[in-house]
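Two complexes are shown next, each including chain A; its partner changes from chain B in the first to chain C in the second.
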Partner chain A sequence: MRDVAVVQARSVGFFAALAPRGKAVFFALAAVAICLLFAFPVFWLILTSLRPGTGVYYVHRGTEFTVDNFHEVLSQDIVLRALLNSFMISTLATVLSLGVTATSGYMLSRFKGPIPNAWFSLMYIFRCVPYVAWVLPLYFVTQQLSIFDTYWGLLLPHIAVHICFFSWIMKGFFDGIDPSMEYAAMIDGCSRWGAFWRVALPSAIPGLTALAILCWLYTWNEFLFALILTAHETPILTVVMAQFVHELGMEWHLMSATAVIALVPALIVTLFGQRYVIRGLRI
Partner chain B sequence: MNEKTRFMLELITPAALVLLLFQVVPILTGANASFRDWTLHDPKRTWVGLANYVHVLRDAEFRDVVLPNTFGFMVASVACSLLLGLLIALMLNKRFPGRWLVQSFILLPLMVAPVIAAIMIRWMFNDQFGVVNAVLEGLGFAPVSWLTQRWTAFGVILLTDVWLWTPWFALILLAGLQSLPSEPFEAARIDAASAWRTFRYITLPMLRPVMVVCIVIRAIDAFRTFDIVWTISGGGPARATEVFSIYAYVESFQFLNLARGSAAAVIGAIIIVIFALLLYRILNRFVEVSK
Partner chain C sequence: MAEIVLSNVHKVYGHVVAVKDINLAINDREFVVLVGPSGCGKSTTLRMIAGLEEISAGTIAIGGRVVNHLQPKDRDVAMVFQNYALYRHMSVRDNLAFGLRNRRVPAHEIAAAISRAARILSIEPLLDRRPHQLSGGQQQRVALGRCIVRNPKVFLFDEPLSNLDAQLRAQMRLELKELRLRVPTTSIFVTHDQTEAMTLGDRIVVMKDGVVQQVGTPLELYRKPVNRFVASFIGSPSMNFLAVNVTADGEDFTLACQGWQFTLPSRRFPDLASRIGRSVWVGVRPQHIRLGAPVSGNQVALKGTVMVTEQLGDEQLLAVRLGDSEIRIAGVDPDLALATGSQIEAAVAADNLHFFDEAEEAR
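So, the complex of A and B:
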């Protein structure tokens, strides 16, 4: 209500006299333009996925539509396995990353002194190291540990990626929670772990939910690590999608169909989590 | 070791173990390789000291193309997505019919895999079959071969990055706007401050801590961009759009000189860590990140 009042109070200037409701029209146009800008590539992806293989080169002219691409993609064994693998990896990576970084962020938030300071600086510096500097040697490391091309071989590096950034964000969540409840719990006989587990962690759940959604989406859509750290045993959806346009010829229609299928879980997660994400992103 | 210290260490042990094994060890492995001769005709991997570093730093490609591209990309990408993100956040902070619809559309780029977005945008800018050229022709302009010239290819990459990251800026800034106290705005309204002055002297200063954190995080990420550049142009035409991640990758895998690629990666890492430490000092002035 307050904002509406402001708009009316302002609309007595020269501009408003020149074009009544001009501001509202301009605002609506800007909103439509923004929607178009962000929706167009996705719209085009969906359109391409509905075109027959021969028609993709004339997406903007053709009128034939078909769902055969989806049938064809879903009948391929590798796509189904990749769907399952991507889902498992994203879910496990989310659970494990949050588990590992919740404690680390709690430590950064509740303690002062040389150890937390050193840990924080370490997090900050390792966050900056470019991926190329460690993803290539990581290939050798996972082979040495004989976990290359397995779930663990992709999961653990993913957790390592998230540790620095998430610890920082988690610190912010715990900073926003009053520690006096934990002190009270400890006076009543709770151990330090008990105070963390039973008092601090439950209060941080809104933030954790937001981070979980972002982490899941990020892992679901991640490409570089999946490309380098997996092969035939553990196909990952983003790599399989990209290969439709690289190695197996330029099959734009199949790539698009797979991408649209991959979009569905992401869409569900985002739409259900939208509220939490926006609330939890306060840094 | 007292009980408190032990608790602190217990809290960070799992994270520290994963970090050590899957980040520190690989980085050291790469750094070790960068001091050796890792070409195919030297199976002994002779220690060559700083020779690889000297070679990379003397390489005209690295100095005159890769570094300007990397920094140019970082500045342009952060500036564009910050401005656009701020505008969208200000817009979404108002109440208007259809707001949830706009907000849902804004979330779309967060759901699409960056590599798919990059493939799709490359497809849209294809010089023969792309929709962008079809539209240009429809409007009576000559079609442009977007990806065969340096600056247009750079522009397409930048556009993709801005498309991918503006929503992120918009959402974080929106969350920041919504958590601002309302009293200063009421005071400004009572004093009949104009919308611009309210924005300039109240919104912007109060939003600055959030903006600075966003800029630092995004600047570091933009510096190490790999996948969208690789998918859209592959560093081409003729290595003209290479950023430093691509340079390290190309040296390692296309010229099969892992040592030189690692040296380039280490140089990049040193540059960005120094840059990040400078940013950190700025950051600390606005928000106390390490209380």
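So, the complex of A and C:
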């Protein structure tokens, strides 16, 4: 008992020394610091996007604000096309890769034997390859298949990456679902596929939703594949954003405005998805 | 008619034999309990009957039709699982309707079947709830309801009461017995609890290491266990066993171990003649031992030292040292004060002694 008391006294002393007015103040300061760390760059980005081109280098001093940057980027055809392409690629990649990931994760979770083992090993090997090492071979592959700078040229590599990374997570979700439910469904008149489709998959909705959000945001934010595997025909938002840095200078104000526009869908997806995940967890 | 016949059913996982050559015939509307310790193959046997496990060898027939290669959905069986296995994303009503909808039963028939099952199980107020909003007992009732609505040929129960607390388990046991009267269907019930087996089963199948040890009515198993395993598994507290040497003594047999010796007349125990000069296990149920000296020549005397007493309110259990062995005595007067270390005398009717060969254990 005395030892416990000593430990408690020490920890109280530790917090008292760090935060003289008590623990609450210390934690409040820490929370504010963490929020600032993450929120400040976003705040600065929004501030920059609202400054005229000449004012971006003294954002902290100027008082002149404008929404012309948004007008300017939204009047550019390439930005609008990039917005649409990014949205379509992210959504299609999410839908298609989740379709494969769900079945792949289910197989890894429920079946034993040479086929699941081979599939597991294959994904493990692909996961060991550094992400950046895939880009150049993929460039040649997409050229060979004549899908360079098309939706498929970008979708297929994204789906492949998602399958390798998310099948493991999906396996974890299915491991957490009692297989008895599927056995019950099979006795109740379902085939194995029916038990997966009608019982296992609906039970995994919280997990699937979380993965869908991750998948969508990952593809939306992805830069490297988009840079190497697309050109003028299929502009992608992250690449278009980077093109505001060119030989004539850096158009920070336009880049920031585009970035703020890019933030909005991601923010909506996150907010909508969070609510859905919590609702799903209550099932 | 839905009798179940298992013929030479065998199940192997790699090099491990899970179920070895089971032969069992279950009559129509009979309630059979498979009982045994963990890993004895009872659940595997049930899952093979359900179609959830493939059979390595042998045949299983339900209602005269061999079902070896039929999918679970085509065997017309219903199953209650240990953890209930309710579809957690569906309401209770949808859980009950699921099997019928799969079989394309008309909606009005589904509604009628659900309301009948809900009435039988008193779950009418729960129909619109989700499984996570129900208590363990209520979930168990819904799982039973899911079986009843289907009106299958066979009910299969895989340790359905083991997740419930002791009080609820006793209540559900009674409800299951009542349910049997209202919905008489061929049933197989798997449990590791001998009390459930004794109270529920028309017949009990005792299994160990994938092998059927004995099949019989609860009383047959209790009174005439074929080997030491069955004798120790059935009955609570467990049967006492003492290793004794058998010698011939004129017209009688003398059985002796350290701290205990008694004689039995050979004309009443002719089986012992083949065991002369060998060591056998004598089994005595704790309930069959009475405190006090023998009152007739048919009783065998025991003398020992009280080690521990356990007060249960309506009786006491004694642990008594007998030579270098320890035995349990049940049914002792709860008001009798017995100090640890006190010497006691007890008696058991010779007819209540069971004899098992040591070799039988290997069976």
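One rule holds for everything that comes next: the second predicted complex is superposed on the first by the 248 of 283 C-alpha atoms of A that agree within 3 Å, B and C clash if a C-alpha of one lies under 4 Å from a C-alpha of the other, contacts with A are read in each partner's own complex, and residues count from 1 in each chain.
The rule we apply is simple: contacts are C-beta pairs under 8 Å (C-beta built on N, C-alpha and C of every residue); 3 or more make two chains touch, one makes a residue touch a chain.
Just so we're clear, the structure is a prediction, and the values are computed from it rather than from any experiment.
Q: With the two structures overlaid on chain A, would chain B and chain C clash, or do they fit side by side?
A: Overlaying the two structures gives chain B and chain C room side by side.
Q: Taking the superposition as given, does A:231 touch the first partner, chain B, the second, chain C, both, or neither?
A: Neither chain B nor chain C is touched by A:231.
Q: Does chain A have more residues touched by chain B or by chain C?
A: B
Q: Given the touch rule stated above, what does A:118 touch, chain B (first), chain C (second), both, or neither?
A: neither
Q: Can you pull out the angle centred on chain A between the C-alpha centres of chain B and chain C, to the nearest 10°?
A: 90
Q: Of the partners chain B and chain C, which touch A:184 in the superposed model: first, second, both, neither?
A: Touch status of A:184: second partner only.
Q: Where does A:33 make contact in the superposed view: on chain B (first), on chain C (second), on both, or on neither?
A: A:33: touches no partner chain.
Q: Identify the partner contact of A:199: answer first if only chain B is touched, second if only chain C is, both if each is, neither if none is.
A: A:199 sits against chain C, while chain B stays out of touch.
Q: Just checking: does A:25 make contact with chain B only, chain C only, both, or neither of them? Give me first, second, both or neither.
A: The answer is neither, since A:25 touches no partner chain.
Q: For A:78 in the superposed arrangement: first (chain B), second (chain C), both or neither?
A: neither
Q: Closest Cα approach between chain B and chain C after superposing, in Å?
A: It is 10 Å, taken between the nearest C-alpha atoms.
Q: In the superposed arrangement, what residues of chain A touch both chain B and chain C?
A: Common interface on chain A, chain B vs chain C: 283.
Q: For chain B, which residues are in contact with chain A within the complex?
A: 3-5, 7-12, 14-15, 18-19, 21-27, 29-30, 33, 88, 91, 94-96, 98, 101-117, 119-121, 123-124, 128-129, 131, 134, 163, 166-167, 171-172, 174-176, 178-179, 182, 189, 195, 210, 213, 217, 220, 223-224, 226-227, 231, 244-245, 248-249, 252, 258, 261-262, 265-266, 268-269, 272-273, 276-277, 280, 289-291
Q: If you look only at chain A, which of its residues touch chain B in the complex?
A: 2-4, 6, 9-10, 27, 30-31, 34-35, 37-39, 41-42, 44-45, 48, 56-60, 99-101, 103-104, 106-107, 111-112, 115-117, 119-122, 124-138, 140-141, 156-157, 159-160, 163-165, 167-168, 175, 192-193, 196, 217, 220-224, 238, 241-242, 245, 252, 255-256, 259, 262-263, 266-267, 270-271, 274, 277-279, 281-283
Q: Which positions of chain A touch chain C when the two form their complex?
A: Per the stated touch rule, the residues are 178, 180-181, 183-191, 194, 199, 202-203, 205, 283.
Q: Write out the stretch or stretches of chain C touching chain A in their complex.
A: For chain C paired with chain A, touching residues are 50-52, 71-73, 75, 77-79, 81-83, 85-89, 98-99, 102-103, 130, 132, 146, 150.
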